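See the structures that follow.
Two complexes follow with chain A in common, the first pairing it with chain B and the second with chain C.
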Partner chain A sequence: MSNLGKFAIVIIIVIIVLGILSPLISRHPHNLPSGSALESPSWEHWLGTDDLGIDIWAQICHGARASTFVGAGTALLAGVGGSIVGMLSGYLGGDSDRIIMRISDMAMALPDMPTTIILGAFFGPSLKNIIIAISLYSWVAPARLVRSKVLAIKEENYMKAAKSYGANFWHMTKVHFLPQVLPLIAVSMIRLFSKAVVVEAGLSFLGLGDPTSKSWGVILHHAINFKGIYFTEYWKWWLVSPVFIMMSFTTSLAIISRELERLWNGKIEWI
Partner chain B sequence: MNRDRTKMLLGYLLTFLIIITLNFFIPRLMPGDPFTSLSSEEGDITVIYSEEQIERYKRYYGMDRPIAEQYIGYLKNLLKGNLGYSIYYNQEVVSILKNRVPWTVAIVICSLIISSFLGTILGSISAWFRNSKLDKILYISMVFISEVPAFLMGILLLFFMAGRWGLFPLSGGMSMFTQYSTKCEVILDILHHAILPVMTLSIAKLGEFYLISRSSMLSVMSKDYMKTARGKGLKSRRILFRHGLKNSILPVITRIFLSLGSIFGQAVLIENIFNYPGIGTLMRQGVMVRDYVLIQGIFLFVAITVLTMNFIADLIYKKLDSRVR
Partner chain C sequence: MKSKGIKKFSMFFALTFVMTTLVGCAQTTYKPEFSDGLVINLSGGDWGYPSPYTHYSRGPGMFKMRLIFDSLLERGEEGLIPWLAKDYDISNDGKVYTFVLNQGVKWHDGKDLTAEDVKFSFEYFIEHTPVVDDLTIGDETFIESIDVVDDYTIKITVKCPNATILSRLGATRIIPKHIWEGIDDPKKFTEKEATVGCGPYILKEYNKEQGAYRFEAFEEYWGPKPKVDSIQFIPVSDNILAFNKGEIDITGITADLLSKYEGDDEYAIMQNPAFWGYKLMFNMDRREELKDKNIRYAIAHSIDVQELIDKVARGAAVPGSSGYLPVDHIWYNQNVRRYDYNIDRARELLKGKDLELNLVISNSEEELRIGELLKISLAKSGIELDVKSVDMKTRDAMVKSGDYELALIGHGGWGGDPDMLRRTYATGAIPGYSNEEIDKLADLQLMELDEDKRREVVFELQERIGGELPLIPLYNTTGYIVYRPGKYNGWMYMFDHHEVTHSKLSYLEER
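Now for the complex of A and B:
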């Protein structure tokens, strides 16, 4: 793995640790004022305070929690769920395969942001519901990848041999499918992770996300809607810090997924 | 061949019907209703409407009838091109959409043209000078650009180019309360407002088109006819455009149609950043005030547009590429 890839992994680990240990790392509460309004960065408030006097460093750390929760939740739900669907679809073939592919065509045709907005409004925009809403259309990518790989494996001679010995679905999955499919699942889960973080931030930025979650998008929403943000100096810490942390998070995830693709060299064809 | 096409058409029609059905049921399952959205507590009814008034309105909008009857009525209205009446704007949904859709379509089309054009050129150049310094710099910067979330890019552009430096207007699609002396000024004003949203969307899509065109050009360049062309002593510019580009453009064209889904999604966010008067801002407003009919109309419009474009992409691909038959 290249140095860039290692660096990206370090950034992701740091951000996740920030989220988990947020009450220990930040000295101030993320939801209560701890200084006067709009202070510039100082030893006391590392990234200054917002218009209510709430410490921005504490908000960023706490926001990492909400954002990584949504990302990990979506990666697990859509990644694992989609992979299982894809594996079944490829293994069973025939009519069930055709029906599943038809459904995935439909899910793929849905424009992601409008659909999330509508489903989020329909379920109520809590973090859990946002995870479900994003998963409803993003399970397609892992499902299709896994399906096409399983279809390819099924044609191999050793699979025919295994079948003639009477190997059942579980045995074949455990011994043949999973080891070959796992890299694909891992890479698509990383992609889902970063996609979900971005979609949640976008939703919160519109003011349609979970207002109590205090994710990075919510910080950004408050910063850009603050009346004086354009002609004062406050943007230097209030606006830049959530933008910076989100950019480094998403680019790091992208670098990691590209590195893994290159390492495994498993000619991953993205659909 | 013909049988394939009817099968495809049937598949798309089925998808249409399912989306229409979902579109009908989802808002009816949403929590809250327009009568309670103004009050702060869940289930609390605002003082503005009395119980009788609510009953009357429910009857007026047909909310008191059985759900199957409502569904059939909805389908009938759709066939007539009637998307219903917006509760919040007090106007036909179709006429609201008519005012808003051109703005969105304009920025989406402009940015698709710009990003596909620039992306193809840069991708071809990159493939032509493969493994040179130029190629590496282009490749890395395009990969980076394609990974930055579009709305963060939009915020940065808005903040610096419009907010700090004042090069472009902060929000809206036209200047308010101004007198224009000529038609030309109106057009310039609209263009001036559209530059930032179009720029954001183009940057967001540029990397995708660059990568596709680069890899397509690379595979074309390894073909025998390219060697023949070079052996004939043709000028390299002629080889690049006549032989290379003509054969490598197909994936780019289909991608233009296929990416309409994602670009509409991004346009929803980006319109809200720049407060652009398209359907994205309308959608946010509709969700905020829980205007079912309006949300349904917008979603239906977006879904049908995207599906139609996917269908066209399928057709074009089959027509242009004789290998897919």
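Now for the complex of A and C:
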């Protein structure tokens, strides 16, 4: 793995640790005012405070929780769920394959952001609902990838041999399918992860997220909506901090997924 | 060196971000039609089709409708001034109001306005209640009969004299009889004719989706000549950015930005009177325990109003008066009971009880911030707030229908006639709340025709309300506005209103 990839992994680990240990790392609470409003960064408040006097570093650390929660939740739900659907579809073939693929066509035809906005508004703003809403249309990509791979594997001679010896679906999945589709699933889960983080931030930025979650998008939302923030100096810490951490996070994820693709390049031919 | 690099890096990201946002704005900028003369651009937003039946029931909706429709009297800088009626007379018993109309008043379609139109307007409004209903007190109208004396004189007899009749009759819009005569369902009447009025401006364009309006001066206007030839409401994403780019001509700013505009001849700054405010409402039907005065006191003692003002209003506000009428109101009573921020006192009043309450707020940035601070400070006294934010129009509808436990709502009109105390506090106004003493005083001030005596009653009423605290006025904003006097310098306030762009006189020549 290249140095860049290692660096990206370090950043992701650091951010996840920030989230997990946020109460220990930040000396101020993330939800209560601990200084006066809009203090500039200082030794006391590393990234300054927001309009309510709440420490921004504490909010960023805590926001890592919300963002990784949404990312991991979506990656698991849509990634694992989508893969299972794809595997079944590819394995079963016939009518069930056709039905599943037409459903996936429909899900793919829906524009992402508007759909999430509508689903988010319908279910009500909470992190859990955002995960469900994002998953509802993003299971398609892993499902199709896995399906095509399974279709290819199914035609191999050793598979036909296995079948003639009486191997059932579970056996074939365990021994033949999974080892070969796992890299695919891993890469698409990382993609889902970063997509979910961005979509959650986007929703919160629009004011449709969970206002109590204190995710990075919520911090950004409040900063942007502060009247005339561009003409004050407050944006230097209040706006830049969440943007910066979000960009580092998603860029690192993108680098990792690229690195993984390269590593597994011998095993996966679809690239 | 390294930190410098990071700084540059973060600056770059922030700049890219800001620029993408700006590009977004530029693409959606509404390009209004070209027109000659002085064009004033104001920040848009959809406030409904500006007929008396279809505009939204908030300031920006009302005043757009009022640009098109004149009334018998108008709100000037000092008080009511004669408008369509050049003269009026009130009989000694206070029951007969005679208005003499200006001659040569034309409707936008060229027809003449006569006393028949005035009579028709009043009768039509009594039959079909408009958005702003000035003719009803309680459940029924106070008007007994309307008689046309001649083409330009009208006599209105009321059932029972009271202190607010002149301003109510004076504020009622006059609509053209020849257009509205055949309309049975005015709420569905959104044809072009629905905005034919006799006011100084004609509606030329309305785009609901974009929240864009264009008004043009009415050339045959009977009254003071319009100084502004065209008033346009254009959609902007950020008012202050748009103002700086010259897209709009006036904007509200926070105290943080004062230094940017102060001392620069290009700009002029005004500070609004405290006639716009936030209040916290209780629904005592939904939550019986709120009927206990001590619980309401406890909530009031748990709120750090000064913190709200410093942080949310950025200092540009005054604490609300527990007697409702704000500091800038001519009849403000400063002896009303005060509820300081005192958590110990609040705990004492709660007697160890723990409360869980639902608070509904709109999704405006200020209300989200107030909601967050209220949640934090009420938690200190053991009151847990579950804050739910909804769209502004949804919140307004919830408040109107009583569908809430606690509600935060901000609105204007706090500088108006003190009869607002009756409308806000008398039985039926607050769900589940009724107080005989308040009802009695509220009726008394309405019926009292002698100004000084009425003032005394209103003062007593405020003290009574302050002691009861059926709702908590949080703070009244005194925001700053900035404009370019080089482009237009005619802005002026109405005597009881917080906003210069809402005053019709702002756009007309002085008389």
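We adopt the following convention: the second predicted complex is superposed on the first by the 264 of 271 C-alpha atoms of A that agree within 3 Å, B and C clash if a C-alpha of one lies under 4 Å from a C-alpha of the other, contacts with A are read in each partner's own complex, and residues count from 1 in each chain.
Assume contacts are C-beta pairs under 8 Å (C-beta built on N, C-alpha and C of every residue); 3 or more make two chains touch, one makes a residue touch a chain.
In this text the structure is predicted, and so the values were computed from the model without any measurement.
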- [ ] Give one of first, second, both or neither to describe whether A:M247 is in contact with chain B, with chain C, with both, or with none.
- [x] both
Task: chain B or chain C, by number of chain A residues touched - done: B
TODO: Applying the touch criterion given at the start, work out whether A:L239 contacts chain B, chain C, both or neither, answering first, second, both or neither.
DONE: both
Open item on the list: If we overlay the two complexes on their shared chain A, which of chain B and chain C does A:L76 touch? Say first, second, both or neither.
Closed with: neither
Open item on the list: Under the stated touch criterion, which partner chain does A:L260 make contact with: chain B (first), chain C (second), both, or neither?
Closed with: neither
TODO: Quick one: classify A:A37 as touching chain B (first), chain C (second), both or neither.
DONE: second
Task: First, second, both or neither for A:A201, with chain B first and chain C second - done: first
Open item on the list: On the A-aligned overlay, A:G228 touches which partner chain: chain B = first, chain C = second, or both, or neither?
Closed with: second
Task: Contacts of A:D51 with chain B and chain C, given as first, second, both or neither - done: second
Open item on the list: Taking the stated contact definition, name every residue in chain A that is touched by chain B in one complex and by chain C in the other, in rising order.
Closed with: 207, 224, 230-231, 235, 239, 243, 247
- [ ] Within their complex, state which residues of chain A touch chain C.
- [x] 31-33, 37, 51-53, 207, 211-212, 222, 224-228, 230-232, 234-236, 239-240, 243-244, 247
- [ ] Within their complex, state which residues of chain A touch chain B.
- [x] 102, 105-106, 108-115, 117-119, 121-122, 124, 198, 201-202, 205-208, 220, 224, 229-231, 235, 239, 243, 246-247, 250-251, 254, 258
Open item on the list: Applying the document's contact rule, which stretches of chain C touch chain A when the two form their complex?
Closed with: 9-11, 13-14, 17-18, 21, 238-241, 244, 252-254, 256-257, 260, 310-312, 363, 365, 368-369, 372-373, 376, 387, 389
Task: Touch list for chain B against partner chain A, complex - done: 11, 14-15, 18-19, 26-27, 29-31, 143-144, 147-149, 151-152, 155-156, 159, 163-164, 170, 261-262, 264-266, 268-269, 272-273, 283-284, 287-288, 290, 295, 298-299, 302-303, 306-307, 310
